[in-house]
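Here the structure is laid out as structure tokens; the discussion comes afterwards.
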Amino acid sequence: MDPSDEPFETSGDHAPPAREGERLTLDLDGWEGPLDLLLTLARAQKVDLSKISILALVEQYLAFIADAKKLRLEIAADYLVMAAWLAYLKSCLLLPKDPEVEPGPEELALRLQLRLQRLQAMREAGARLVGGDRLGRDVFTRGKPEGLKVVRRAAWTTDLYDLISAYGIVRARSEPTVHIVARRPVMTLDEAIHRVERMLGLRMEWTALESFLPETQDPEFRRSALASSFLAMLELARLGKVELDQADTFSPLYVRAA
Amino acid sequence: MRELSDPVRAVEATLFAAEEPLSVDDIAAYVGTSVDVKAALAELEAHYAGRGIELVERGRRWHFQTAADLAHILRREREESRKLSRAAVETLAIIAYHEPVSRAEIEAIRGVQISKGTLDVLMEAGWVRPAGRREVPGRPLTFATTQEFLSHFGLKSRRDLPGIDDLKAAGLLDPVDTALERLGLEGEDEAELETDGEDA
Amino acid sequence: MRELSDPVRAVEATLFAAEEPLSVDDIAAYVGTSVDVKAALAELEAHYAGRGIELVERGRRWHFQTAADLAHILRREREESRKLSRAAVETLAIIAYHEPVSRAEIEAIRGVQISKGTLDVLMEAGWVRPAGRREVPGRPLTFATTQEFLSHFGLKSRRDLPGIDDLKAAGLLDPVDTALERLGLEGEDEAELETDGEDA
């Protein structure tokens, strides 16, 4: 058989008939892979795919690839892989059966046939699908629908507690505000003078300033008392009620009644 | 159902698929000049009368439209729950406690101006209504709460609102809390509302 | 002409005004839940049968469209929307008849790798969507068709795919291995030669 002419008669959906040289070029671009090429060759046998001669198909494919090579066309690797596999299949089919080799050539041939059937089934299904009544091509929806509108309406939420507490806040805000400065623990100057005078009455000896301070755990109050007591001493010294003595800068300050 | 002839079906489909109203000539360009387009239009017009769709002529052009009495169906309202702003809650509270109350009075009580949007929101929510004008210079409009307000807040009447003493007892008039609230409030979203609306 | 009840008119108008096919629930959201939407749809479907406009169900959604036999009148000359490539048509068919299906499975049937663009084109058209990963090693992504696919190709559901029952009965939607097993052959260890086509 001459494998080069048959495929093209039935492959109208791939390429228009053309002169031999161009035809091959065009067709190689048009195939969707080796299985596609095989399917087209198989359909050229014009029998049900379940009855095709796999051997004849293999020979057609190999002849096709040989022709393409002769014309020095670029052939994608997967076509060559398929060609090698088909050459192997062909030899298995022709040679005496080797029971050691699994799977046998018949099974390989059957597999190929099943794959071709599946591809064929999907190709036909696709054609029927796209050939049907398609929306926007054969059937049309309304040209200018009014459209359905969703109007968003705010459902405002709040509760009674929010309401009354808000009112409380408003009222409290408008009440006159009284500012009260929190008391800090301090010893006033008057207090300190009074205290130092009273204590001096009992001590005639030189006494360190610190011993006049009240006993307290509060360091702030202690500092306040120290400062106030110092000022009190100065004031009393000015009035001539006490004498002060200090040996050196920052050394203890002593006091006694004048 | 009455069978339609093919020409009438063709006119029907053409008008349906058209993106704009079509004149008799426009239709004939599709369905073929052998068709009596006017007769077909008359037949369709009669067929669609009283249906959900009607065929109408406007300025010698024909188109299908949904029946006018069904327009309300084609708008679906979807509720989106949104929390009332602090400014709105305060305003609502003042109205509830002092109604009828004018805008200036609300502002005096709040100590902050209210934006126009705040009262609009409360009226949109259905809780506040205009309650007549006060017979003083300027005749300011006053506002009051509605029946819906009562039912929303689960109140039988306004007298169910806790009084000042109740609020005090509940600690809701505590000045320290108030000061904190104020601080929190300043950073919040209605700050801009307040300023935007000052002159409104 | 037969008079339509108001609920049926409402359903008719809603579908007519809609920009997208609507489900029964969608329609109920407009016409009200008290309406028996299914009954109304059945009545309208019968009413419009044989007219220039038909009411059709596509993947549980309903829309009006022009009757298919009037295509010659309405078909527009403008860009015969970019013709789908053979690869795209085949890939679409494989997805539709086998869904959910992985890329490797598509390639096994076609005996060739699919170029990236092919699936993109189908997804861009809105006909194909990713449909989750298969819980096998590699967790391949699978693909399936969409509601838009059904609308576009005029299918009520996937069961409406042309010839799907015959293909199923003939085992042509089963993988080759399954078919071999069915034929009483071992379908396991002959892999090497097949693999270049199957899982490339």
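Note that the chains take the letters A, B and C in the order they are written out, and that residue 1 is the start of every chain.
By our rule, a contact is a pair of C-beta atoms (placed from the backbone, for glycine too) under 8 Å apart; a residue touches a chain by one contact, two chains touch by 3 or more.
Since this is a predicted model, take the numbers as computed values, not measurements.
A.B. asks: Where centres are the averaged C-alpha coordinates, which chain has the largest centre distance to subunit C?
C.D. replies: Chain B.
A.B. asks: Can you figure out the chain closest to the middle, judged by Cα centres?
C.D. replies: A
A.B. asks: Compute the distance, rounded to whole Å, between the mean C-alpha positions of subunit A and subunit C.
C.D. replies: 31
A.B. asks: Distance between subunit B and subunit C based on Cα centroids, please, to the nearest Å.
C.D. replies: Roughly 41 Å separates the two chain centres.
A.B. asks: Quick one: which residues in subunit B touch 2 or more of the other chains?
C.D. replies: Those would be 13, 16-17, 64, 66, 74, 76.
A.B. asks: Can you list the subunit A residues in contact with two or more other chains?
C.D. replies: Residue numbers touching two or more other chains: 140-142, 146-148.
A.B. asks: Considering the complex alone, what residue numbers of subunit C touch subunit B?
C.D. replies: My answer: residues 1-4, 8-14, 16-17, 29-31, 46-47, 49-53, 64, 66-67, 70, 73-74.
A.B. asks: Within their complex, state which residues of subunit B touch subunit A.
C.D. replies: 13, 16-20, 64-66, 74-84, 86, 88-90, 92-94, 96-97, 109-111, 121, 124-125, 127, 153-155, 161-162, 164, 167, 170, 172-175, 177-178, 181-182
A.B. asks: What part of subunit A is in contact with subunit B in the complex they form?
C.D. replies: On the subunit A side, the touching residues are 140-144, 146-160, 162-175, 177.
A.B. asks: Show me the residue ranges of subunit A that touch subunit C in the complex, using the header's touch definition.
C.D. replies: The touching residues are 13, 32-36, 78, 81, 85, 88, 102-103, 107-108, 110-111, 114-115, 117-119, 121-130, 132-142, 145-148.
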